[in-house]
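Alright, structures below, take your time with them.
In what comes next, subunit A is part of two complexes: it sits with subunit B in the first one and with subunit C in the second one.
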Partner chain A sequence: MDFEVIFSYMPLYIEAFLLTIKIGWIGIAISIGIGIVLAFVLHFKIPFVSQIAKIYVEVFRNTPLLVQLFFIYFGLPKIGLSISAQACGAVGLGLLGGSYMTESFRSGLEAVSPSQTESALALGMTRAQLFQSVILPQACSLSVPAIVANVIFLLKETSVFSAISLMDLMFTAKDLIGLYYNTTECLFLLVIFYIIMLLPVSVLGSMVEKKARVRMFGA
Partner chain B sequence: MGFEVLLKGNNMIRLLEGLGVALKISLISVSFSIVLGIILGMLMTLKNHVINVITRVYLEIVRIMPQMVLLFIVYFGATKAMGINISAETSAVIVFSFWGTAEMADLVRGSLISIPTIQYESSMALGLNRLQTYIYVIIPQIVRRMIPLSINLITRMIKTTSLVMMIGIVEVLKVGQQIIEANRKSSPNAAFGVFATILILYFIACWPISCLSKYLEKKWEN
Partner chain C sequence: MNEILRINDLSKRYDDYAILEKINLSVRKGEVVVIVGPSGCGKSTLLRCLNGLEEIQEGEVVLDGEIINPNKKNLSKSRERIGMVFQSYDLFPHKTILRNVTLAPIKVKKRKKSEVEAEALALLDRVGLLSKKDNYPRQLSGGQKQRVAIVRALIMHPEVLLLDEITAALDPEMVREVLDVVLSLAKEGRTMVIVTHEMQFAKAVADRVIFLEGGKIVEEGKPRDFFENPKTERLKRFLQTFTYETVENDEIEMEQV
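Now for the complex of A and B:
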């Protein structure tokens, strides 16, 4: 292990790290947005839209991100829909994550027991009140563990971006290995940067999960 | 649209063979993962501090390291650092088994500790010995909880094996790229058709398995 090499590569890795984080979190934001909207669509069984949502969820849950990205980045331009690599990464991750998030939010909504709805209605709450102060708070805490798992999964999936020549961590590592053949140093830095990216999320996620559980059973 | 490329020569057959390579790697890895995962999951329920610490670290590594990074470490790193030469297929199987074992062990541990102690006590009260308790009471319940989840692991494994292309294994995506390159002049729109087909092929491979897993989960819910 040559530490001089490591220090000289550091700026390149930091740049790639920032790009990976940026696109990763944009993708996650998109996926949460899609997830919330589609979970409501599926929960209230809005005709036609919910059928499309179901097909979308099944297709994206059952195909790998790498294939989806190839299709979006190389396939779609052939029929006149071309986007930049960065946008493609964010959109691809967002669409993949959206299908996972939809399932998590929906199962959270469905896990609130029907007796709660009935009791709230018996107390004379309106539909809006019922939804706002009975179902939604419980559904949110119920879906927290799944959402944390999804966020970690999506951040890990960002490593696939290198395949569409986005200058992310993986791409930088591969590039440097190819150029200078310092395999050990490059892989060491790669691991370190992924730990910096994911360990805080993992630890914070466990803490949030514990908080959500306390709120669920305590209050 | 570029679909016509697939009808030329034996392009479609090559594509299917490529999918076969990916499926083979994922099935071998899943078999390893299930066997090793069950053993590790059982070890994790023992209250041994050393085992607990080691498995916690192992699970955390798998939880936060992208599979692609692990692939690179095993395929490129091991060769450079230790001088051992592992073939691409073998390193893919090693990495995916390493990942799958952790997932499986966590599932096994989860379902083992979800059996309340009252069941062991009741079986003892009924006069069953330890072996009978396991055979008639505990294992049937665990199996019902585990089978849907392990089937789910298969689909995730199939999806993850698409990454092996990045270490130079010729599987369905690589074959697709070759077909596109070879027909660049005659059908410039091949990229759309070929990648759409690959997307559909993966969907056909994974969707029935996901449906089966969902169906079994619902059926055995109670």
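Now for the complex of A and C:
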């Protein structure tokens, strides 16, 4: 492995890394927003909207991100809406992630024991007080593991951004390999940067998971 | 005759299956009514009808002149006046013991936090759990959790307290510490409706015992008569399930030889 090559590629990788993180986390923020809203819609069985939410979740959970990105990136201009590659990446990731996050938050809400509802109602709480003080905090703790898993999954999914010419890590690696054939160095850097991107999330995620578990179950 | 709670012709069905049929019951202020009966006879269902956790198909529940109706808008207002403690404690796992106790008075009754906390601490002290105030439910034993659940109900100053088999999930050595709290509540004149399988406790605490079977009140009476001179054959049989015949020793020896 040629370390001179590695050092010379470093700036390109750093740039790609920052772009990947930026788009990745914007997408994740969008997905969490969608997830929270739609989980409420489904939990409270809001008529009509919840049917649409169900369809959305199934469509986006059951199609690959690549296909979704193609639809947005090449499809939207056909109806007169053009979108930048970056925006497309963030929106695409947000929509895919939204379907997963919806399910995670919703199952968190559902996982709160019904006896919690009964004991809160028996104390004279209204439905709103019950939801705010009893259901929601517990549901958040219960959905933490699934949400951490989603975040890691979505960060890894960013690797398909290259397909819509977003200059992310994957794109940069493929590009450099195509130009100079330094396959070993390029792939080495690729692995390193993905690990730098994901390792802190995994470690932090495990800590939060542990905290949430202790809060709910004491172990 | 100072009636606080009345049940008029209450019937409860799941689909077509009748759980409770035409139950009539009147509870006086300060009275302790104990309900016993075989498993599945509808004891829990009856208690849950009293605070509107279950819909009823016929009849009504009247608390001090006010009808409790599960479809009513201000059902939560009526529930403030009826405390309930469940078999499985159902403390809020994400809150400390103190917050478990103070949550409802602060949120529901909008009382001042400092005042509620002072009362909570006094009540926790009374049940011997002051030192646990900053712990979480998971750090307490079953008996301790159940005492907290009682305090959580008491701090709402309920006019009637409903207890549904509150010792059924406890290890035998913890039953006593919980029942002692209930006995002391009875002594201070609390109105309570208690479902229990602890017959000795029922005898000690009750002003009146009710035998529920097949969704109907089969027999009721003062604890002495109820347990010592049951009138109906069904109650006799039920009470017998709590006593054990002495095993003849020589029979065992013969089998062992």
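Quick notes on this one:
Convention: the second predicted complex is superposed on the first by the 217 of 219 C-alpha atoms of A that agree within 3 Å, B and C clash if a C-alpha of one lies under 4 Å from a C-alpha of the other, contacts with A are read in each partner's own complex, and residues count from 1 in each chain.
Everything that follows uses one rule, which is that contacts are C-beta pairs under 8 Å (C-beta built on N, C-alpha and C of every residue); 3 or more make two chains touch, one makes a residue touch a chain.
Here the structure is a predicted model, which is why all the values come from computation and not from measurement.
Following the overlay on subunit A, a side-by-side fit with no clash is recorded for the pair subunit B and subunit C.
In the superposed model, A:Q116 lies in contact with subunit C only, and not with subunit B. In the superposed pair of complexes, A:F70 makes contact with subunit B only, with no contact to subunit C.
By the touch criterion defined above, A:I30 reaches neither subunit B nor subunit C.
When both complexes are overlaid on chain A, the residue A:M101 reaches neither subunit B nor subunit C. A count of residues in subunit A touched by subunit B and by subunit C gives the higher number to B.
Touch criterion met: A:Q129 reaches subunit C, while subunit B stays clear of it.
Of the two partner chains, subunit B is the only one that A:M170 touches; subunit C does not reach it.
The overlay of the two complexes leaves subunit B and subunit C separated by a minimum Cα distance of 19 Å. Subunit A makes touch with subunit C in their complex at residues 113, 115-116, 118-126, 129, 133-134, 137-138, 141, 215-218.
Against subunit B, the residues of subunit A that register as touching in their complex are 58-59, 61-68, 70-71, 74-79, 152, 156-160, 162-163, 170, 173-174, 177, 183-184, 187, 190-191, 194-195, 198-199, 202. Those residues of subunit C that touch subunit A in the complex are listed here as 51, 53, 76-77, 79-84, 86, 88, 90-94, 103-104, 107-109, 136, 138-139, 149, 152-153, 156. On subunit B, the positions that touch subunit A within their shared complex are 1-2, 60, 63-69, 72-73, 76-77, 79-81, 155, 159-160, 162-163, 165-166, 173, 176, 180, 188-196, 198-199, 202-203, 206-207, 210.
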